[in-house]
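Read from first to last, the chains carry the letters A, B, C and D; within each, the first residue is number 1.
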Amino acid sequence: MMLEELRHTVWEASIALPKKRLVTATSGNVSARDKESGLVVIKPSGYEFEKLKPEHLLVLNSKGTIVEGNLKPSVDTATHIYVYNHRPDIHSIIHTHSPYATSFAVLGETIPMSLTTLAMEFGTPIPVSDFALIGGEEIGREIVNKIGTCPAILMRNHGVFTLGSNVQAALKAALMLEEAAQTMHYAMLRGKVTELPANIIAQSFKFYQEEYGQRGA
Amino acid sequence: MMLEELRHTVWEASIALPKKRLVTATSGNVSARDKESGLVVIKPSGYEFEKLKPEHLLVLNSKGTIVEGNLKPSVDTATHIYVYNHRPDIHSIIHTHSPYATSFAVLGETIPMSLTTLAMEFGTPIPVSDFALIGGEEIGREIVNKIGTCPAILMRNHGVFTLGSNVQAALKAALMLEEAAQTMHYAMLRGKVTELPANIIAQSFKFYQEEYGQRGA
Amino acid sequence: MMLEELRHTVWEASIALPKKRLVTATSGNVSARDKESGLVVIKPSGYEFEKLKPEHLLVLNSKGTIVEGNLKPSVDTATHIYVYNHRPDIHSIIHTHSPYATSFAVLGETIPMSLTTLAMEFGTPIPVSDFALIGGEEIGREIVNKIGTCPAILMRNHGVFTLGSNVQAALKAALMLEEAAQTMHYAMLRGKVTELPANIIAQSFKFYQEEYGQRGA
Amino acid sequence: MMLEELRHTVWEASIALPKKRLVTATSGNVSARDKESGLVVIKPSGYEFEKLKPEHLLVLNSKGTIVEGNLKPSVDTATHIYVYNHRPDIHSIIHTHSPYATSFAVLGETIPMSLTTLAMEFGTPIPVSDFALIGGEEIGREIVNKIGTCPAILMRNHGVFTLGSNVQAALKAALMLEEAAQTMHYAMLRGKVTELPANIIAQSFKFYQEEYGQRGA
């Protein structure tokens, strides 16, 4: 029952990715880990988002063995499993090729911390990984080694991974990252940007984590 | 009854923001002040626009005390209340992070007055604020001190605030500002732009205020 | 009856403008002239496209006198009437602020003829007008004086006007111009563009006018 | 019966082109060749995608003679037929003017291989053709001579052609090419991009062809 809800939530976030222009065609994926059973729900490989239904999603255990579903899981499955096994605090992972953020990943540069959105949502510059091959645990290892406390990482020459304590948090990080990358791209083309002072970033991040949204209500 | 209508109008403008690509995820907000009672209707904090319903909106008095609603109001509430208390002519405030306009806010530069749209809708260069922390009245003070007669202000390293005598006017200012910022961004990347002469701007603004639309019909 | 059809066609093209991202909020307008009666159907001033219905459109005679409708006509009405009175071959006029094309109008430069789309649809560089004030016949005079055989003109510091023998032709010109401006903008930012040779442009334009579409079928 | 399915598939991909912003107005086209009969289904010339129905599509034999349908076929028909006759492995051709990819075609430059998407989907730099006139076999000859093993080619000063063993493959190539061109455009504006090493490209391409998707499932 709980798992059916998680399946639905992963499906909802999956079909949101192309609508929000974070992915194209079959690229990108969403997974989530059930807090009680530890089972992971993930997108099948190379599946068009527009044809995806909740029942197409795969369920795997923490060793990556399929426990439900007949389709082949995402080629990024080993990476998702690796991250879940090394980050007990994380229960959702989203991978996109969102164009503005990915342009920073192509250049191997982070996004200057010149926006309150970046300060509040991320609190720290978005890390940039080294290049890692797709298909095994390599990307997972890069994420675990480089992401630190940030909910997002720019995967070199590839795209974006975001982590969250739930699917909504991982999706929000993916959306905010692309919006900030877009805005900063425009600013950087027209002039020299200056970053917010470290104390402003720290204060903004703290405020956002403690006061924003309905969590404390 | 009147307040129910205002609640509906604020809700309609709120859900228009992501559709018009002025905000992403939960960012940004819309408020309006009832002309008779002085009560303010505002969006709850960190609420997804796509899940927002009119009944989720908060109603506050001029001291910022909640008089209707169970959710936590926007973290920008103190700023909205501050502006309403200092600007009796203003009955709606909209806050966005629209990317093209915000890129000007990142650089701390205004948008050159090279478009009839800017001359007619705004009549004056869009002011740019100093940096102000989110969460209290600081942003409100920057708005009141810097916005003058303009219906929009670029909030440094942050986003956009627009003010209007009603919700439609504040929303229109937000839309026109982003369109003008987008067009000017493209032009500025390719060449040197020249501004319209001051008398053309004044004449265009006057014409637009007096002749445009169905007001005088 | 014929006029009701024209009213519907003008309405359809009007609501297509914001959907195709050629206009924002209430900007821009569509008109058409009935071939038999010479009556002109045009959008009311400052009307939101999303609230526009066919019955809101105005009908005017060739002197600009309203013969049907209670709303105030577009502030560009005198310009539309002027063009119809000087161009018997033209039966529809569309005005947009489409951002990529308008960025060329801001710089007062035409779009280099480096695309088959420009050669085939327009056959000649898009003319650029001098600055003209909104509200009277001035823009109409600029159009008539500068547009020549081209179906589009870039109105300096303002936007775009397209002319056609019918609404579909004027709308197509507006769409193709924006697409070509967008593509050329990207190319011009990355490198030096070269124009197609004059004989290729002439041959492409002739082919397109004679062979493309279902006209001769 | 089989042909009716193919007609539906071509129609579905055709109406996807404007929705995915790969074409504007009536530009671009989709065709497919039936594997058994060798008959080719193609879009009528200059037809608005939004008014297109499956029954409007033309069916032609390998000589380009119409065997079903009353409309005039696409002006690119001779090119599609030429490619099918020279490439027995290809059963679908898609032509777009997608703006980011076409901006590379304007400059006559390929897209640097700096993205895993380019390595995996294409495996080789996208070829750029010489200029070819529209209307006959010239474009087809350029495609056959220059495309090699790549599923896409940038047609100089014109647009994009993608080839596939079926409609889904040709459409996916068109989508991935535009996304990669968009991302690389942004990166190239901000800095100097470096390409992935040849062995990484080869390994990524092989992995994607062999492991990605549900083909082997």
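We take it that a residue touches a chain if its C-beta (ideal position, glycine included) is under 8 Å from a C-beta of that chain, and two chains touch if they have at least 3 such contacts.
Since the model is a prediction, treat every value here as computed from it, not as a measurement.
Trainee: Which is it for copies subunit A and subunit D: same residues on both faces, with over half shared, or different residues?
Mentor: different
Trainee: Taking each chain's centre as the mean of its C-alpha atoms, which one ends up farthest from the centre of subunit C?
Mentor: Following the centroid criterion, the farthest chain would be A.
Trainee: With centres defined as the mean C-alpha position, give me the subunit A-subunit C separation in Å.
Mentor: 43
Trainee: Averaging over Cα atoms per chain, report the distance between subunit C and subunit D in Å.
Mentor: That pair's centroid distance is 31 Å.
Trainee: Spell out, as numbers or ranges, the residues of subunit A touching 2 or more other chains.
Mentor: Each of 189 in subunit A touches at least two other chains.
Trainee: Within their complex, state which residues of subunit B touch subunit C.
Mentor: Touching subunit C from subunit B are residues 114-117, 120, 171-172, 175-176, 178-179, 182-184, 186-187, 189-191, 193, 196, 200, 203-204, 207, 211-217.
Trainee: Touching subunit D in the complex: which residues of subunit A?
Mentor: My answer: residues 24-27, 44-47, 70-72, 75, 97, 99-100, 102-104, 106-107, 109, 131, 133-135, 157-159, 185, 188-189.
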